[in-house]
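We just call them A, B, C and D in the order they show up, numbering each chain from 1.
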């Protein structure tokens, strides 16, 4: 398990008329942070796409605890949570950089698709990437799930 | 319970380089659909804000089943799910208008805040709105939850 | 020249902490309105893309005169302005639906590109589309510009 | 004149199905870069807003020359262009960080408004800020324009 921390400042266009960051942006920040996770581990999206792999989000959940607004800095912890043959997930925690207050927690689930958006079993097609991913995530249930044989 | 159906077409700027709608936009579509729900029930955000009430999202979850892309139409069912004294939630189902295929399901939870972003107990401050909301949602547990006395 | 009018309501996520619509969204609204123009004239983006044509924006300008905010309706006039062999442009006017106040004026210029994002001369490749476009726009200078022979 | 350079990477959600950055995002990048300009010169938005000043965009124009996509880095030069009593403007140049190719040029014009979105003459209300701004921008026509007496 390799935790990665992504940080930046809130942008003005990310706020709404409530005066705080619009809730949809946290999902985009998860994506930014996830991009850094892949990049730091030499597994970035751009490379994957050049192999013809896309990695859509198939599930997302977020709990909003404290708001952020323009002028605030934040950091986002990306925690690899689970990795199966065709599916993997991350947990996220977003903190206010000045106060270290926890603002948002969330998680995303992903699968691997080929260019025609069909499910890709990376253990068959890209065994090296598969092994790398497996090491990065908690080593969960390694037995192939029956549903996808 | 009053179900509302919101529909429109996918916009080009809502797609990403995967060629499909970016997952963050579904959360925005929930908001659009919720706005229609409030409007149809004469409870729209704009009015609330003139009373000094804001209604933030405190939780969101989405499951992505089938993608949508530019040129597709979609409709979103908004289903009032639960209503408590300080918290309420909606369920959502987004369908492709042409195929009636279920694309996305989700839910959001909300609370009421005053202008200074402090928790507002609308049963005390706006009893009429409270009664209206209660009728619109499934009449759940009406006993005041102990934690907020 | 065929003017098209596109209308809808402002969404909450389109506002910023100034309490009004973020200026970047008007550019997205121009795109929405342009989409309707192409659709009404049986020339929509989705079809073009199926032919392998993309139509990027190569220039945009906007003047903001009066703001819009959440709860407002607006309508956008799309006025085909100029059409040359490889380039065409639209003018836009956005009005508040309730007050008919002019809020924003703008223009966009476009060209035709093939899938590999190389310049496409539609008069050669898609003469029928070219003729249709020419009729829709003000019949300007029909002599082929010297620079692109 | 103080030129500021802002840089970061393109995010996935900033691309569209053309496979490149959606044109509306460059306007948001101008805002990000402008924020850095104000911050570096100790004049940031957040502070202004605490004084009750907002600084809307009243005009924007962009020319798109070369595209950027996911995985690219970019840098944006912010060039203070003109400063009058109630209006000021910036020029921008966005470059690909890897190739130093010029991708986009643009400009924005701004005014100062008070909290109720009425025009603010900062030379009267905030003379210190006014003098600071004047120094930062090219010292243009210092005579008060007749139209606003």
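Here are some notes:
Convention: contacts are C-beta pairs under 8 Å (C-beta built on N, C-alpha and C of every residue); 3 or more make two chains touch, one makes a residue touch a chain.
The structure presented is a predicted model; accordingly, all values stated were derived computationally and were not measured.
Any chain touching chain A that also touches chain B appears here: C, D. The most distant chain from chain B is D, comparing centres defined as mean Cα coordinates. In this structure, the chain pairs A-C and C-D differ in their number of contacting C-beta pairs, and the larger number is found at C-D. One simple way to say how far apart two chains are is to compare their mean CA positions; for chain B and chain C this gives 31 Å. One inter-chain figure worth recording: chain A and chain C are separated by 35 Å, centre to centre, where each centre is the mean of the chain's CA atoms. Separation between the centroids of chain C and chain D, computed from CA atoms only, is 24 Å. Each of the following residues of chain B touches two or more other chains: 12-13, 17-20, 24, 28, 31, 49, 70. In terms of which chains touch, the assembly is arranged so that all chains touch all other chains. Of all the residues in chain D, the ones that touch chain A in their complex are 8-9, 11-13, 28, 31-32, 35, 44-46, 49, 70-71. Residues 12-13, 15-20, 22, 24, 69-70 of chain A touch chain C in their complex. On the side of chain C, the complex with chain D involves touching residues 17-20, 23-25, 27-28, 31, 49, 54, 56-64, 67, 117.
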